[in-house]
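The two complexes that follow have chain A in common; it is paired with chain B in the first and with chain C in the second.
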Partner chain A sequence: MFFRLLMESFRRQRRRKMLAGVAILLGTTAVTAMLALATTIGDRIHKELAVYGANIVVYPKADLLDVKVGGVDVKPASGGVYLKESDLEKLKTIFWANNITGVSPELPLQLTATRQEDGRLFPARTVGYWFDHDFGTLKTGAQALHPWWRLQGTWPLVHSRDVVVGATLAKQMELKIGDSFRLQGMAGNAGQPISLTANIVGIVTTGDGTDSEILLSLQDAQLFAGANDAVRRVEVSARTKPEDAFARVDPDSLPPKQREIWYCRPYANSIAYQIREAIPGAQAEQVRRVEQSEGNVLKRISGLMWLISAAALLAAGFAVSAAMATAILERRGEIGLMRSLGASKGSIALLFYAEAGLLAVLAGTMGYLLGSGLAAWLGARIFAGDGGAAEAVLIPVLLPVVVALALVVAIAGSTPSIRAALRMEPSAILRADA
Partner chain B sequence: MAKLSLFGMLRRSLVHRRARSVSALVAMTVSAGVATALLTLYADLDAKLHKEFRSFGANVVITAPAFARLSGDALAKVRETAGADALAAEFAYAVATTDTDTPVVVAGTDFAAVRRLDSWWQVDAWPESAAEDVALLGQRAAQFVGNEHAVALTYAGHSVTLRGVGRIKTGGDEDSRIYMPLAAFTTWTGVGPSVIELQVPGGAASVETTMARLRKALPEMQVQPVRQLVEGESKIVDRTHALMYGAVLLIALTVAVSVLATLSASVLERRRDFALMKALGGSQMQLMGMFLLEALVLALAGVAAGFVVGSAAAWAISEGNFHTATLPHLSVLPLVLLLNVAIAAMAALFPARVLRGLQPAALLKGE
Partner chain C sequence: MSEAKIQTGPLVDPHGETRDDCAVIALKNVTREYAGHGSTVRALADATFSIVAGEWVAITGPSGSGKSTLVNLIGCLDRPTAGQLKIDNVDVASMTATELDRFRADKIGFIFQQFHLIPYLSAIENVMLAQYFHSMTDEAEARAALVRVGLGERVSHLPSELSGGEQQRVCIARALINNPPILLADEPTGNLDAANQTIVAELLQDLHRNGHTIVMVTHDPEMAGLAQRRIALSHGKVFCHPVGGPMVTLRR
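For the complex of A and B:
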């Protein structure tokens, strides 16, 4: 009998159920969409902020001081200390290895170049990089860590003797794609002269010192340096947690338990600490300009999203409880009739709560699906064009949360009207209510 | 019995069924409040975000051409051209030798200006601004200095001894430099400033126009943007803006439905009043006017209360999230008013239409 009443109520009073259903549907859609966006906004903004480049740099601990003014390094080229390229593999073994999104080693050299046509000599600041290097599952290198670089042409391949020339240098020396010149250098400290013919395959504009440099593959640069495995500096881009007071403490001064907590949080500081541990002789530092400011911006934007989600929750809760109250108010006559036919207050309340609950579960699930779709659509539209931004935003954890919220709000919203209706005399209701 | 005027009826209708009036008023207040809060935040969003991006430091670099110096009034000219909101600091560089015979880049600058411009620098103690013989040591440079409290530097045969007051940690080039006050630097080395770092507030467009003005004012200088900063900022501000826009629309829709539901309920509940008035000779127009007026009064009261509540909420949110206050924007008021009045009018007219077809007699009899 109870189930029949429940089913018939849904079958026969479609219009009345509609308002409450639409309210729940809209409310859960808004809440799901906002929550789904708020939980993924961190990753999305981090991807956007990748524009700023690396947030951790690694260099040899025993390195000489950089003597760098206006992007020009006047540090003596020889005698420097190197990191080992093969040691970079160890980055994959650190605790937060999965948070590393980009690695770009560099090997700067001071070479001389001779133009093929007229034999004109010019000093060439040359830097060896990875270009589209396979690093585990990652495809990374200089262009991934410097997304603001604009390239005309193609990046050089490994061992290809191809080079890319900075735009300022290209203009100065009247170089264009397809030209070639001779690069000369001394291999290592031994002073064995090395020279090779380099083909220009691209011209890059960067807006900084790199505009007057020559870029080639790391392997070719190592040939000139006379050191097979050498890199001077490594830029690392990692997904990090914004720094807080705890992140700034020195981990070695902490008791073991605290230290473990510090170690297992993805702060830039703890990732740098793990890199120092993994690579012998390396010093790793967070790039404060990027890391600190990124943290700030990330915190503000995700904070804003959470607050708006709270506003959405409030609005949705209000909408659902108001709609439920209306739906019950309209049916006081039914309550009076049922009571005069001998139904107990408890069974009537149960019937109405069951209706509210069923409605909440049905409309809530639909709202969850709709909201997830909306979040995916909004996310894809807003964060389009970065590659991989259009991943699905179906977060299963949200389903029970959203449906439970809908249930609570629907039941809480209908309680005052059910109680008010049950308190009235059935005869009074039946007489008064049209 | 005295004849009831329209306003008398309205007053009594609002006062006598207080619970219903209050619930409708609460609904209108919530809708106006949410709309005000979101619109106020939305109006301020770009300014707030651009302000956050100021922590990235300089986004324009002005350099003298090679082997030349900036003219003495260059900084004043830059400040004047870029406007009062822009932050600028000038730098002079020289390669000196430390007491351990290591070459090191020494930079002369104005500490007060740098402190504001480069807020990401981690400095354990900034020197007092009046002191002349102070220095900040980059954390790597410090390892190549024999005595940090009496830093002896030599440049082209001239030596100087500075008091190291603190260390800088940035993870960038600054780590391998030594910073000192510009005036003392110039007296020591004879080298004047060659670089001005400038931070222009706002997105790519405002940076572009400022750069164009700077190029005109200082034709001999190189004016270059820090490209990744300018591009990244505009991109992120635009995306957050779009996200917020979507959120505002979504929430506005939800709130509108909820208010519609509450208000229609309060009107539907009064079917008997409606029937009675009709039986006593009220025309359809009069009755609709009556409901509409009541709804409008509630809407106006709701907007007044909601504007206050919403502005307070926006203030609290931006104080909590951005640490700066958002003052109430009167400009959002017309939009909020329009929204609320539209909702109220729909909520009053929709049930009135439903009830129109009903016979007063049938309604009163209870069919």
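For the complex of A and C:
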């Protein structure tokens, strides 16, 4: 009889139920979308902020040492101390290796260039990079770590003697794609002169000092440096957890258990720490600006999402309350009759709460599905621009959470109407209905 | 009909002995007041009378005389402000709301002027609804109750597919299904045409012959005439009249 009454109430009060259901559906859709976005936003924000470059930089530890004579820093500008390119393979072995999304080693050199056409000489700051380098499962290099660079032409291939010229330098020296010039330098510490003919295959606009540089493959740069396997600086991009107070502590000052927890959290600091452990003679530090931006953006967006979710649920609660008030008012005759037949207030309340609960489960489940779709669409729009493809954001663990929220909204929204209905005198209801 | 005022008092049998012990409904100085805007409205004042098991009593009176208040009290839908109200020898004034719900399901069968059938339930389901709130549903029993009121062929019909008289008979079957000691009928024929009035009146007479206690609120003198005794109400006060040969006499 209970289920008969329950089902009939849905069949007979279709419009009222639909109104309340739509309110719950919209509320849970918004909440699902916000929660789904909030749970995936870390990855998305990281991807978004990756355009601002690496969040960890690695350089030789010797760079930290001051070499001063009589108060004057006599350390050479380019040092002469290198990291080993082959050591970069060790990045694949650290605890958070899978969080590394990009690696870009650099080897800067000061060379001289001579234009082929007129023999004009010009100083050329030259930097060797990886371009589209296979690094485990990653395809990485300078362009991956500097996605804002705009290239006209192609990137140089390994051992091709091809180069890319910065836009400012190209303009100054009237260089264009297809031109060639001779690069000359003194190889290694022995100072043996070396030169090669370089072909310009691209012109790059970077918006920074790189616009005045010549970019070539790391292998070619190592040839000039006379140091195979040498790199001067490595930029690393990694997915990290936003920095908090615990992230900033010195791990070596922590008790072993705490240190292990710190080590196993993907803070930029702990990833940098693991890089220092993996690569001998390396100093790795987080680029604080990017990390802080990531943390701040995440905090603000999460706050906004919670606010939207709360507002959506509150609005749904009010709508359910209004719809249920009308639905219950229409059925006051039934309530009066049931009371006269000996139904307790509790059993009548149970019937109405069961109706609200069933509505919540149905609308909540639909809201979950719609919200997941909305999250995918929003994710594509907000984070990938108009052309972005929607990624599926179906997070199963959200289903019980969303249905529970729908139940809370439906029950809270129905309670004032149910209480008011149960306060009415059955005899008054039955006579008013007469 | 003469309006000879009779002093209300303890119920006595034809030999002059008090019959409160066998009364199924006993009111002693029952008062019901409602709080109004800064004042108190006395809907029923100092009512004292008893109804014995198997008696058919008509409650009459103009609008606002306190009939509804009296029906609510006897039907355990309300509790008196003062006085003692015993139903089946149990004082209901001291019961909690939950106890009163349970007691109502056990002791009272309601018959309404407007039938109050649930429109989306069939005749048999409407009868079973009373079983559901009382104990548990039994389709065979519900069917038997409908057969008893002459609706054996109409069990699956919705109220909208039944005539007014048939709807009232479903209402009577629903009132009878839990075998309550008291049938409380509020204008049972007030909404029926003459033919159906006769059918329902005959049904109530049949129930009375079978020993049911019937308390009936009515404006209809013919229906009131079927009862053994009439309790008249005026301005919240009770006046008792013997009608058609009372089973009991009232002490003057």
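Here is the rule we go by: the second predicted complex is superposed on the first by the 351 of 434 C-alpha atoms of A that agree within 3 Å, B and C clash if a C-alpha of one lies under 4 Å from a C-alpha of the other, contacts with A are read in each partner's own complex, and residues count from 1 in each chain.
We adopt the following convention: contacts are C-beta pairs under 8 Å (C-beta built on N, C-alpha and C of every residue); 3 or more make two chains touch, one makes a residue touch a chain.
Owing to the predicted nature of the structure, the values given are computational and were not obtained by experimental measurement.
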With the two complexes superposed on chain A, say which partner A:Phe122 touches: chain B (first), chain C (second), both, or neither. neither
Which of the two partners, first being chain B and second being chain C, lies in contact with A:Ala343: first, second, both, or neither? second
Contacts for A:Phe246 in the overlay, against chain B (first) and chain C (second): which applies, first, second, both or neither? neither
Is A:Arg11 in contact with chain B, with chain C, with both, or with neither (first, second, both, neither)? second
What is the contact status of A:Met305 with respect to chain B (first) and chain C (second): first, second, both, or neither? first
Spot which of chain B and chain C makes contact with more residues of chain A, would you? B
Chain A residues contacting chain B in one complex and chain C in the other 430-431, 433-434
Contact footprint of chain A on chain C as seen in their complex: 68, 71-72, 75, 77-78, 97-98, 101-102, 104-106, 108, 110, 112-114, 116, 118, 120-121, 125, 128-130, 132-134, 137, 174
Taking the complex as given, what residues does chain A use to touch chain B? 19, 22-23, 26-27, 29-30, 33-34, 37, 41, 44-45, 48-49, 51-53, 56-57, 64-70, 74-75, 146-148, 206-208, 285-289, 291-293, 296-297, 300-301, 303-305, 307-308, 311-312, 314-316, 318-320, 322-323, 325-326, 329-330, 374, 378, 381-383, 430-434
The answer for chain B against chain A in the complex is residues 27, 30, 34, 37-38, 41, 48-49, 52-53, 55-57, 63, 93, 95, 102-105, 118, 120-122, 140-141, 144, 169-173, 175-176, 194-195, 224-229, 231-232, 235-236, 239-240, 242-244, 246-247, 250-251, 253-255, 257-259, 261-262, 264-265, 268-269, 271-272, 275, 317, 320-322, 362-364, 366-367
Residue numbers on chain A that touch chain C, as the complex places them: 1-2, 4, 8, 11-12, 333-334, 336-347, 425-427, 430-431, 433-434
